[in-house]
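Across the two complexes that follow, subunit A remains constant while its partner is subunit B and subsequently subunit C.
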Partner chain A sequence: MAHNRVIQWGAMARTWWLYDAKFQCPYRSAEKLCMYLEGRHKPLYHPLSDVGDHVVVINTRYVAMAEDLWRKQQYKHDTRYAGGKSSATAWRLHEADYTKILYKAVYSAAPKNLLRPTIMRRLHLYPEEDVPDDIIGNVSDVIRQIQVVPKPLDSYSAQEIEEFPKLFDWPEDHVIYKRKATTEKKEES
Partner chain B sequence: MLNVNMGSNVIPSTFLRNVMKNGIGRHVCQLQRVTLSLCKWSPGSAPAREFVEQDMVDFTRQNPGIVFYLKPRRHRSPVLKAEYLNGYTEEIDLTKLSREEINHWLGLLKGRSGQQIVRLRKDFHTDTPSIQGVWNPFLFKDTELSIKDVRDPSLSEYISPFKSATEKLLELKKKSGAS
Partner chain C sequence: MAALQCVRSLSKVRYNVLHKFSAAVMVVENKSVRRYSTSHQLVGKSSNSRQHLSYLYELYHRRIEVGPEKERHPSEYGCWNHDAEIYAFGQRFGEDFNDMVLKEAFVQRCFVEQEIEKQKDLGLDMEIDMTDNEILAEKGYSLASRFIKAYLRYSFPQLFEEGISAIHDFLLSDEMLFHIGCNIGLKELIQSATYPPEHPTYVTTLKAVIGALIESQNEKKAEDFVLDLIIPQLVGIDVSELWNIENPMGLLCALLKEQNLGEPEARLLWSSASNTIMPLHHVGIYSDKKLLGKSPGETISIAEDMAAREAIKKLLNMTDNRSPLELGDKAKNLELDFNKTNRSVSELNCS
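And then the complex of A and B:
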């Protein structure tokens, strides 16, 4: 067939995916992202072939951890010098670099072979929503999130709160704690 | 022929390639030249000497297209070297082989195409190629992707198989409000 080489270009083309990490578990997200980075979602997948796709992840700053993992999860580092061992909690690592938590999660979820550095180079992490035009221009499909993004009480309008069905009335002497609106929310609204 | 330096006992590996003009035209024997080097004295070359005395002349009469060389080499083990039309050469060590086995090897070399024997890394094959065509990443993609912005939250939002308590409450309210 005269178009065989063009058919092959089409079959082997790398697609770019977008993933919104807002309020998503980084470890379970990493497992899902690795499927696309390794190319396991393709019918032509083979573990020895480099057929993975690119994944662009936005909002890595707003990843959500289960329970108190932000305080309890330890990220260890060793410089291989005497006394070079150190460890940081997840929240400290996150403060230093907002993309580091997800990077490390994907790194450990990726296959432990020589294909891993190549796979990691196809992962593009951005702490906020803004992505360079030359990157977002390649994106042709979206990876669906893995858990519900919670809607904070501040985002409901006063009317919506008023109209929400009441199951019971609070006693008159009951004190309801009202969370103060953060400064960021004020800037947005 | 592969341009890979490998040990003599290793079968090189490649991917399947198409041999052009395969099976078109008349049969041309690809084996062009055979060189048998043997020792005139040592017992290791005795079967090779037997072959020269009894079978070699018959072989050359039957195959006038193949040049047969004899190289006497003192105190060396007998070796059969075959040279093909495409430039490929293959050497076969005849140590400890009987006269009959030498005949078998020669017959095998005569029938070969001159293509090196390789191990296929991927041996996927089908006798019934797909009529629909080869898969590509845009096959069965939802067409709404081409008109929607990739940032649209409806594309990335998680779809839960269950209803939340809030949704159930609101539904109940809608029902009671309507009635």
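And then the complex of A and C:
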């Protein structure tokens, strides 16, 4: 009996979404994640009702900042004691905790009311791709990334580079600036 | 001032009343009195007087002690013409009732017994020429039942007889008839030993009114009455939920086998939040790789059960997007077959 009951259960159930933050702008991602966390994508949405979904974000370590923001964006903190004010650049905050940048971005994009703490609890941030089984087991759908993930030059094989159409060859005595290998590469090697 | 002097000799309460009236009178400078025709000045002022407050307090608590006023029949207030009211009742429906028969439809057995008792107490040995409405009610009920079943069979030709009788029982249940009876103004017209009348008397009276219509006019008119008053109660009701299917998967198997379709196959379409206390699973029922019905549910077994019901609804042409019931003028000239019965579930299993 009561097919309407299960229909309602289906309408009110909280869906779990997966978002891959790899090479994504944290601030613009946060706006999109907030839409799902608040439930703004649902027809039954109302700003005073708590109808949001859960979002699991992976690869928060690899978020991408535009321009010089890693150096220039300041994250301020105040302990409210004398001399308690401090500020850290984005890259330092990111080094301290790889999920902090995205957390703060979502926190400031979320509505500034008493629903914000509950909304933030439905955001599950993981720096890498390894998510506990009991969390990833809930996920049923994926949120589309907002930016196209660029393919780094390192990932092209020598043959692909060779086959890439060229208009001219550099003269043999031309000096080309060579990029230094990243620290990660060094660790691996 | 002369008026006020008179007033002083009156009691306190009277004084208050007069005080209100005196507010409506104003002495103008040329000593002529102007009387205002507005009534807002007559509205009682709120009083801060301690005496008056304690008086109201006393009244309030006495009222609570005595309890609410007993509900009385309008005839007890002395302005009631029973015959006229009964005639008006018939006219409200636009039906041409025989007044004597319609009057009989409102007489309960308990009322007749009470009248006989009264006569005995008075020591009168007169015969009371009164018949109660039970024969009319029986007639009315059998007509309503027959018509509703025929109408439902016409509207849901694929539905099993069990489903038809479930909807029929819902329409002719005591609660439903009481609900209808309450809302067509039977309350004051019913002649029963108690007032307000008890719930079952509404039910018998409504049935008897249908019976009275058969007696006064013909069966067709009575059927139209049922069509206009009882059947519209299905509007907004999920008809397929009135029939509780015991074993939906078994019934679905039998239905598919009869139509030479493949065995039903339940598949998990998608699920969410499966490790939490509020999981959601969507299950679809497939037959020959075609989706028959799908449904959400908190467990896979509930979702499967519901999906099977959805599939049965689809096979019986009872889906939610079916065309609405034919009611009103459209349904006045339906060609109903009163002898036809839909097949029952037991027949299906045997074949």
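In this text, the second predicted complex is superposed on the first by the 178 of 189 C-alpha atoms of A that agree within 3 Å, B and C clash if a C-alpha of one lies under 4 Å from a C-alpha of the other, contacts with A are read in each partner's own complex, and residues count from 1 in each chain.
The rule is simple: a residue touches a chain if its C-beta (ideal position, glycine included) is under 8 Å from a C-beta of that chain, and two chains touch if they have at least 3 such contacts.
Quick caveat, the model's predicted, so the values are computed rather than measured.
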item	value
Clash-or-fit label for the pair subunit B, subunit C on subunit A	clash
Touched partner set for A:N138, first subunit B, second subunit C, both or neither	second
Subunit B versus subunit C as contact partner of A:T89, first or second or both or neither	neither
If touched residues of subunit A are counted for subunit B and for subunit C, the larger one	B
Touching partner for A:V148 - first (subunit B), second (subunit C), both, neither	first
Subunit B versus subunit C as contact partner of A:I7, first or second or both or neither	both
Contacts of A:T15 with subunit B and subunit C, given as first, second, both or neither	both
Partner chain in contact with A:K42 - subunit B first, subunit C second, else both or neither	first
Which superposed partner A:H54 touches (first subunit B, second subunit C, both, neither)	second
Subunit B/subunit C common contact set on subunit A	7, 10, 13, 15, 139-141
Complex contact set, residues of subunit B against subunit A	122, 133-138, 141, 145, 150-151, 153, 155-160, 164, 169-170, 172-173
Partner subunit C, residues of subunit A touching it in the complex	1-4, 6-7, 9-10, 13-16, 54, 134-135, 137-141
Parts of subunit A lying in touch with subunit B, wherever the complex brings them together	7-8, 10-11, 13, 15, 18-20, 42-44, 46, 53, 129, 136, 139-149, 164-165, 167
Residue ranges of subunit C in contact with subunit A within the complex	238, 240-241, 244, 270-276, 278-280, 282, 295-298, 302-303, 306, 309-310
